[in-house]
Every structure is written in structure tokens, then in C-alpha cells.
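Consider the two complexes below, in which chain A is the common component and chain B and chain C are the respective partners.
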Partner chain A sequence: MRSHARIGFILLLTPLVLWLGLLIVIPHIDMFLISIRERISFGVYETSLAQYEKALTEPLYLRTFWRTAVMSVLATAITLVIAFPVSYYIAKMAKGRLQQVLFMLCLIPFYVSELVRTFGWMILLRETGLVSTLLQWAGLADQPVEMLYTDATMMVGLVYTSMLFMVVPLVTTLESLDDSVIEAGYDLGGNGVSVLREIIIPHAMPGIVSGCIVVFMLSLGNYLTPTMLGGKDSLWFTEMIYNQFIVRSNWELGAAFGFMLLVLSSVIVWGMLRLTGRTLQETMG
Partner chain B sequence: MSRTILLTTTLIAGMATTASADTLRLLTWGGYAPDEVIELFEQKTGHTVEVTKSNNEEMIAKLRATGGGGFDLVQPSQDRVMGPQMEFGIYKPIDMSKIDESLFIPSMLMATMANTTVNDEVYGVPHVWGTSGLVLNTAEAGDTVKDYTDLCDPAVAGKVTYRLKRPTLIGFAFAMGEDPFAAYGDEEKYKEIMGKVEAKLAECKPNVKTYWGGGDELMNLVRSGEVTASMAWDTGGWKLNDDNADITFVAPASGALGWIDTFVLPAKGQADDVAYEWINFVMQPEIAAMITAAAGNFTASAGADEYVEDGLKAKYQNSFPQEAIDNIKWYPPVPAGLEAIEGEVLDRVQAAN
Partner chain C sequence: MIPTIPQSRSFRLIYGSYVLLFFLYLALPLTVVAVFAFNDSQFPSLPWEGFTWNWFFGEDRPQIGVFHERGILRAVGTSAFVAACVAVLSVCVGTTNAFLFNRYDFRGKGLLYVLMLLPLVIPGIVLGISILVFSSTLANGIWDLAQMDIQALRPGLLLVILGQFSFITTIATLVITARLQKFDRTLEEAALNLGATRLTAVRTITIPFLMPAMIGAVVVAFLMSFENFNTTLMLVGSDAPLTIAMFDRLKEGSTPLLNAVSLLLMLGSSLLALVVILFQRR
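Our next item is the complex of A and B:
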């Protein structure tokens, strides 16, 4: 009987171990080994920290690194601000069929690939695009308006791409909040602001934190949106990693960048949890 | 991102090993292996052809990840054969006795063989060639833009696009009166030239609408009229010419940049004989003309010009008077280390304000 249980346990565990080992742990070890070597001449490499030194001393790389981090945090904050009222409406105010329809509406853009969605934005916002033509027709602009290739456009794209990943956890946590608790808050003399601050937000905290973590990771690791909507001034860390690996054939520096990004995202997620006083267990469980 | 690349390459390598020996796994550019050519080849020989489309950088990155496995025939540009071979050993020598040399334009075959020779072994034979230069709306920018540096002219401000890649650096260097190819062997001199180009490109940045990445992006920008002057391939200009007679390819005053895409055998290719069969098959004049029709570029096949459609020939002659052909700057093999210098320049231009 016991050995049966053991076999079952091993069988169930195998896919997980294989998944983590083959697809995550081993490639990372390999990447780490690549990142700590330096090319001396044809096919000759030496172990050194030169790549990290280069990444940390070249102002351009550092600037891109921080820019990516700050913009991702900003994108996360904007997504939260927009998604919270939407989720509250879906979870608490909409009832029955309407609730399902609204939830579906949030989901529909994700039926098509990210590439198509980003192209959609390009069609709308380009100089000869829909919005520009509409503005001219309405007399609000006297010449074509270029709305692509700015940081603001990039932000719009990032927020749009990650909206669903904020709405889903928020709706789930808000739905579990009993309406009577909110009513009780008002009965005890609370107003809209204090009920929101004292009851709704604390209850929704696990949803907020897990939503923020997912959205932050998605923005930080996004490649398509910054490259396509950001245009000539887009500088995103993932783009630099791609460039080092594919365009420059400089795997050593690319691997070092990859590890810097991994460390950065871990630190920011840890900071986010510390700031909100939560543990990873509470958030994920 | 980097993780995904490593994973994809291992996955591709894993799938590839299961392919049987009479399958030709071809890693090439879009248009170089049109469906009708593949069909003819499969009918004639009974082999099957699997095509993967890519570009120079990705081809080398893929082969590097697998040590030269996963494909049986690849088509990098001739300047990307010697360096990667010395650095990573991802190709294998070509047995010239298995190639029908009479099918090739002799001068082009000799030049490519010379440029791809490492330790007395030949690694590449030519296939398709073309140039990059200026694609202009001649009605609007034809009078202003005669050379790469004219893209920075205030008259075309905000109506300009080019790639942020090495051809742009080389083109601007030539237009500024330098000779970057002559400085290939002298790293200090090359750095100095690139420094000047960097300053020029940074100064020029406000003029640029965006840096284009893919061919379709460029086509859209020019076709919609959002851009009137760009740096691009000759075929792009000729394709746009079909839609708008004002748009065409113009060879810049300092010379168009000429490239030749080659046939190269990857180190761990498993179907060399099929690869040789394919090379000899597609270099036949009639077949080469079909590839020219699909890709828009001419091939190194001797006598294929006769079979090429007249419209394309006319466009070609229009863009390239004899003196422009003589002025083409052919890319010599890139020595290792230069791309690191160029990479840093490109990064700094991208970050410049």
C-alpha cells in the first residue's frame, strides 16, 4: 500500500520536476556560465566578471535598465487605477447576465494574439491612421497628427495588454467580499471614501498584490509593444537582450543582461510584498 | 527573452534530428525558395524540402546554438561566412566537384569563393545578389536626397526612415567621404570612422520618423506617404514602384552597397548530397528566373537574365546606369570584433536624444 502511494507521488511529481529542471533550472545554469566568461580570441574564453562590469558601468545600459523598471512600475500603477473601478463594477454592481457579458468583454481582446492587438493600435494611431483622420475631419487638427513612437503610446499599449491580468484577480477577490460587510460599514457612519479605505481595499489586497505582480512581470518582459509602438526612442531592456543575443552575437553580455533582469524583477516583487506587508504564501494561496 | 531563445533553439534542434536523410532542411530568406520551385524539385528528385525563413543574424544565432546542426543548407550573406566560421566553426567546406560551375556567372563565383575561403577551404557559393541604397518618392524628395547624408536635410524632416543596423553605418561612412571597408583591418581607424558616423546619426535623429525593422513596416511607411525618403533594399523600391510610379530605388551618389547571399553547408548538416542537388537545380537559368520573380533580386545564375520578366529588367536598368553599377560597394568579409564596435555605436544612437 505504501509503495503504491510512493509510486503515485513520484509519478505526479515527475512532470513538475522535469518542467522545472529541463526548462528553467538547466538553461539558467547554462546562461549563468555564459554570462561569466569573456571572449579573448577565436574560440578562446576566460572566466571573468567583465560582462557585469560592462553592464554596470556603461551609462546607456544602466539608463535603459532603470527606465524599463520605472516604466513597468508606472504601467502597473496605471493598470491598477483603471482596473479597480472596472473590477468593482463587474464584481459588485453588475448582476447576473450583465456581469458575465462584461467579464467576457474584458476577455475578448485576448482571443487574438498580442501582435495583432499591437498592430491594431498602430493602425489607429499612425499619421495616416483612423484617429488622425478623424481629428482632421472634425476640424480639431489642420494637418496629420503622429501619435505613434512616443512613451505615452507605449504606455497605452502596455496597460491595454495587461489589463485582463489585473481584472481577473481583482474580480475574484472582490466577489468574495460580502455585501453586508459594506452595508455595515455605512451603518456605522462610514462614507464612500472610508468604506473604500477601511473595508474594500484591505479585503481586495491579495488580488491587488497578485495582479500587480503579474502585470509588472508582463510589462518588464514585454518585447513586442515597446519595440513596435515605441519606435525610434523606445529603449526596453528585453530589446537590448535580443540585440545582444541575435544581432550582435554577443551571448556573454546578453546572458549578463538576462540575469540582471531576473534579479531586478525578484527585488521589485520582494519589495512590493514587503511594502504591503504580505507574504508570498498569502498572495498565491 | 533570452531564455526563450535558448529554449526554441534546443527545441528546433530536437525536432530536426528526427528528419530523414532525403529531406532538405533549408534555412533561407523569404522569396528564395518559392513554392513552385520546391514543387518542381520534389517532382524531379523525390526529395522533400522544408523551408525556414530567417535573416543573417538569426541564421548565425541558430547555427551557433546547435553547433551547426538542425539544417542542411543555409544562405547567409557572403560577408557573414568567414568570421562566424573562424569564431564558431558552424559550417563545413564545399566540395566544388559536386557543383556545376558552368551555371554561375564566373566573376561572381570567383569573388564569393575568395571571400568565403578559410584555411584554403571554400565555404560558400553565390546565389542571389542585390544592393541597398535609397528608396525615394522622387516627386517629393528626389531633388533633395542624392546621398545617405541628405536624409538629414531639413527639407525632409520627419519624413525619413532607415534601419538602425550596420548597413546604415557603412552607408553613412561612405557618404561622409570615408572608406570603412579599407579600415576593416585597422580597429583604431574603424573606431574613429564610426565615431564620426555616430555623431552624424545622433544629429540626424530628429529628422527620422522611426527606425524601420521589417520590410513590411518600411513598405507601409513609404506607401502611405508618411515617409518620402528611406534607406532600403532595391527590391523594396521596385515593388513600391508598381503601386506608385513616383517611388523607386535610387543608387546614392557615394555608391549603393552590394550584398551576395550564398549557399553554405552547416557543420552538422545531414543531407549534403540533396543540398548539392538543390544548388545545381536552382541555378539553372529557368529556375533562377523564377526565384528572381519571387524575390525581386537577380541571381548569380549565368544566362538567367533572358528569362526575367521585362518590367523588372526595366526598373533595374532605370535604377542602375552603368556608372552606378561600377560604383557598387561590395561588402568584404566582416572581421571579428568590428560588430562589437558597431553594436555600441548603434546602442548609443538609439539612446541619443
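Our next item is the complex of A and C:
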């Protein structure tokens, strides 16, 4: 029987190890190795930190890196602020059938490809788009208004794209908050603001953290939205990775960029977990 | 701020309209995409030129409908093939993972579990390039050793499937593990007492119990694969799946054809989602 269990264990362990080893761990090590080499001549490489040096000294690269980070944090914050009241409404104010329907309505847009969602925003906001025509019709503009290709538009798209991943964890944690706890808060003389600050937000913290982590990751790693909605000045870090790999075939620099993105996202995720004293298992699993 | 606590009328009104606005915001882009699929014009924008089905069924230029556009149909086929492979593979591995984490205690289990979650927090593009880099290292190594060119390791469908599999498996594992944790082990023990072998017990008792989660995971994996863009973008070869094909067309300028494809996608994925929800409610 013991040897039986052992064979079963090995049989179950093999796919896991193959998957994580061949598709996650080794490829990332390989990517790191490529990023720390420099091409000397045809087929001759030398280990050096030249790629990172280039990435950290070239103003365009560095600027894009920080811009992407800051904009992603901003997108996460905006998503949280917009999603929180709605999630609270779904979890606590709406009851029964209405609650289910509202929750479903939140999910539906995200069964559709991100490409379609971005396309929708393009139809709405471009120069010949719906909003521009509407503004002219209302007399608020006397010529077509181009609303695409700005940071604000890109932000609208980013927030839209990741909304679901904030709403779902928030609704789940808020639903588990007992109404009587809120009532007790009011009975003890609290008002709307203090109940929100002392009871509701602390209770929702796990949902806030996991929502923020996922939204941040999705914004940071987004390619479509910045490419389609953002302007020339709103280059996203993922676009630079794509350019180095596919357009310029400079894999060394591209791998260095990829590694920088990975480190940035890990640091921020780790920081958020650390700040709230939670582990990855609790937040994701 | 719950229904049992009285709130002023104006507060409720403002709160209600905020929620309404939010849902308008959610619905707006999709509605617009859907409506302009029926515009009898070369552009998915105003002015409205009248209603037409041509972007679905049209046979002649300039209004070739989805069902007569070879490029799009081929891309749909590619996407469906990739998605089916990814769904089957990831649910198989997800199931074995669920059993491993649920049934065995071993050294390094915690570490492996964290490692298993990692693909969710790695940006899709980085997953894509790391697999691209590694597969080409392998291909070059094999070429140096044996002068053999393994086409499968160059960008193409196999790499797309592996790339999507690498993170969708995590989701499948989480879905199936959640259900397995609810399983009552005594049922399996009863089967063993009645003379079943361990394998028979798992096959006839545990797997049927897991079925709803496994089917749910298949559908979710299929949808995620079908919609995936970032990882696919880095690994795609000459056969483009639908999202990549649509992206290429969108860059060149859009016609209502893309709206028609999008509308069909929306209908298809809502239908699949509905099936899952109904199935799980039963």
C-alpha cells in the first residue's frame, strides 16, 4: 500500500513539475540569462550588464518605465474608487433577485474579448465618433472633437478593462459583513463616515488588496488599450518590449525590459501584501 | 448605509443614480459595437445609413459578410482549435494538481503551491517572451547538436497553446481544488470497504463529484484562451487566431465587418457563460 501511494504521488507530481519547470521557471531563468549578455560579434556573446545599463540611462526607456508604473497605480486607485460604492450597493443595498441580476450585469462585459471592448471605446471617442457627433449636435462643439490618443482616454479604457476584477472580490468580502455589525456601529453613535471608516473598510480589506493586485497587474501588463487608445506620448512599457522583440529583434534588450517589468510588478505586489500583512495564498487562492 | 438604517431621500437618489450611471458605462461600448454591426456604410460610425444584414451575410464587395470572409473564418477555426487544446490540457493538469495538493503532504508543498499561483501575477507579455526565448534556445541547441530544425519550437500554434496553457492551468487548478475540498472523504472510504480498488473509487465516486467544476473549468479555459491577446501576440506564427487577426485589421482601419464579428463573439461567449451558470445551479 505504501509503495502504491508513492507511485500515485509521483504520477500526480510529474505534470505539475513539468508544467512549472518547463513553462514557468526555466523560461524565466533563460530570459534572465539572455538579458545579461551582450553581442560582441556574430554568434559571440559576453556576460555583461550592458542591457540594463542601456535601459537605465536612456531617458526614453526610463521615462516610459516610470510612467507605466505611475499610470498603473493611478488606474488601480481610480478603479477602486469607482468600484467600491457599486460593490457596496450590490452586496448590501440590493436584495434577492436584483442583487443577482446586478452582479451578473457586472460579469457580462468581461466574457467578451478585450479587443471588442477597446473597439467600442474607439467607435465612441474617435473624431467621427458618437460622442463627438453628440457634442456638435448639442452645440457644445463647433467642429469634430478628437478624443482618442490621450492619456485620459487611455485611463478610461484601462479602468473599464479591469473593473470586474475589482468588483468581484469587493462584493464577495462585503457580502460576508453582517448587517447587525453595521447597525451596532450606528447604535453606538457612529455616523455614515465613521461606520465606513471603522467597520466597512477594515472588513473589506482582503477584497481591496486582492482586487488592487489583480487590477494593477492587468494595467501594467496591458498592451491593447495603450496601443489603441493612447497617443504617441503615452508609450507603454509592454509596447517597448514588443518593439524590441518583434520589430527590432533585439532580444537581449527586450529580455532586460521584460525582467524589469517582472521585478516592478513583483515588488509592488509584495509591497501591497506586506503592507496589509497578507500572503499570496490567502489573496489569490 | 444598509436598508434598515434610514437615509435621506436625496442620498438614496444620488446613490441610485450613481449605480445606474456605472451600469451605463459598462454597457455603452458593447452596445455601440453591436448596433453598428447593422450600419449600411463602410465605417462603423455616424451617420447612420440604414439597417443591413450585409455585414453578416453579404456576398459581394464592398460588403462581404462574416460568413463569406475566408480570413476571419479561418481565424475563428484556429482560435477554436487552440482553445480546445488549451481547455483539455489545462483541465487534465488542473485535476491532477488538485488531487496532489488535496491528498498528499510532502516537503516543499507550500513552495510548490506559491509557485503554482505565480503565473497569475506574471504579466502575459512576459510569460510570452520567456517561452519564446526558451523555445528558441532549445531549437538552436538542437540545431547545433544534431543539425535538426524543429519547426514546432519556432513561433506558431504549438507555442501559442503552451503559452496560454501555462497560466490557464493555474485557474483550472484553483477551480477544481475548491470543489475537491468540499468532497467527503468517507464516501471514498465506503467504496474501498465495499471492495473497490482505489482507482475505481476515484473514478466512480470522486470524479463524478468533481464533474461540475471540471466542466466549468473547461468552459472558462476555453473562453480565456479564445480571448487571450498578450501572450498570443508574442508567440504567434503565420496562423493568426481571431484576436490577432482582428487586431491587424483594426490597425488598418475598421469596417462594420469587425462589429459583426464582435457581436457574434459576444453572443457566443454569453451563451457559453449561461450554460455554465445553469449547469452549476443544478
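Just so it is clear, the second predicted complex is superposed on the first by the 258 of 285 C-alpha atoms of A that agree within 3 Å, B and C clash if a C-alpha of one lies under 4 Å from a C-alpha of the other, contacts with A are read in each partner's own complex, and residues count from 1 in each chain.
The criterion applied here is as follows: contacts are C-beta pairs under 8 Å (C-beta built on N, C-alpha and C of every residue); 3 or more make two chains touch, one makes a residue touch a chain.
All of these numbers come straight from a predicted model, not from anything done at the bench.
With chain A as the common reference for superposition, the partners chain B and chain C occupy clashing space. Of the two partner chains placed by the overlay, chain B and chain C both lie in contact with A:Thr128.
In the superposition on chain A, A:Ser176 contacts neither chain B nor chain C. By the document's definition of touching, neither partner reaches A:Ser194: not chain B, not chain C.
When both complexes are overlaid on chain A, the residue A:Leu224 reaches chain C alone and has no touch with chain B. Of the two partner chains placed around the shared chain by superposition, chain C is the only one that A:Arg117 touches, whereas chain B remains out of contact. When the two complexes are overlaid on their common chain A, residue A:Gly254 makes contact with chain B and with chain C alike.
Looking at the superposition, the partner that touches the larger set of chain A residues, chain B or chain C, turns out to be C.
Of the two partner chains placed around the shared chain by superposition, neither chain B nor chain C is touched by A:Ser48. After overlaying the two complexes on the shared chain, residue contacts for A:Gln100 are found with neither chain B nor chain C. Of 150-158, 168-176 or 258-266, the segment of chain C running into chain B after the two structures are fitted on chain A is 150-158. When both complexes are aligned on chain A by C-alpha atoms, chain A residues 23-24, 27-28, 30-31, 126, 128, 221, 223, 238, 241-242, 245-246, 251, 254-255, 258 touch chain B in the first and chain C in the second. Residues 1-5, 15, 18-19, 22-23, 25-33, 36, 43-46, 92-93, 96-97, 99-100, 103-104, 106, 110, 112-127, 129-134, 137, 162-163, 165-166, 169, 174, 198, 223, 226-227, 229-230, 233-234, 243, 246-247, 250, 254, 258-259, 262, 265-266, 269-270, 272-273, 277 of chain C touch chain A in their complex. Residues of chain A that touch chain B in their complex: 23-24, 27-28, 30-31, 42-43, 60-61, 63-64, 126-128, 144, 146, 148-149, 221, 223, 227, 231-233, 235, 238, 240-251, 254-255, 257-258.
Those residues of chain B whose C-beta lies close enough to touch chain A in the complex are 1-3, 5-7, 57-58, 60-61, 64, 84, 86-89, 158, 164-165, 205, 208-211, 213, 224-226, 336, 339-340, 343, 347-348, 350-351, 353.
Residues of chain A that touch chain C in their complex: 4, 8-9, 11-13, 15-16, 19-20, 23-28, 30-31, 34, 82, 85-86, 88-89, 92-93, 95, 102, 104-109, 111-117, 119-124, 126, 128-130, 133, 160, 163, 179, 182-183, 186, 192, 195-196, 200, 213-214, 217, 220-224, 228, 238, 241-242, 245-246, 251, 254-255, 258, 261-262, 265-266, 269, 280-281, 284-285.
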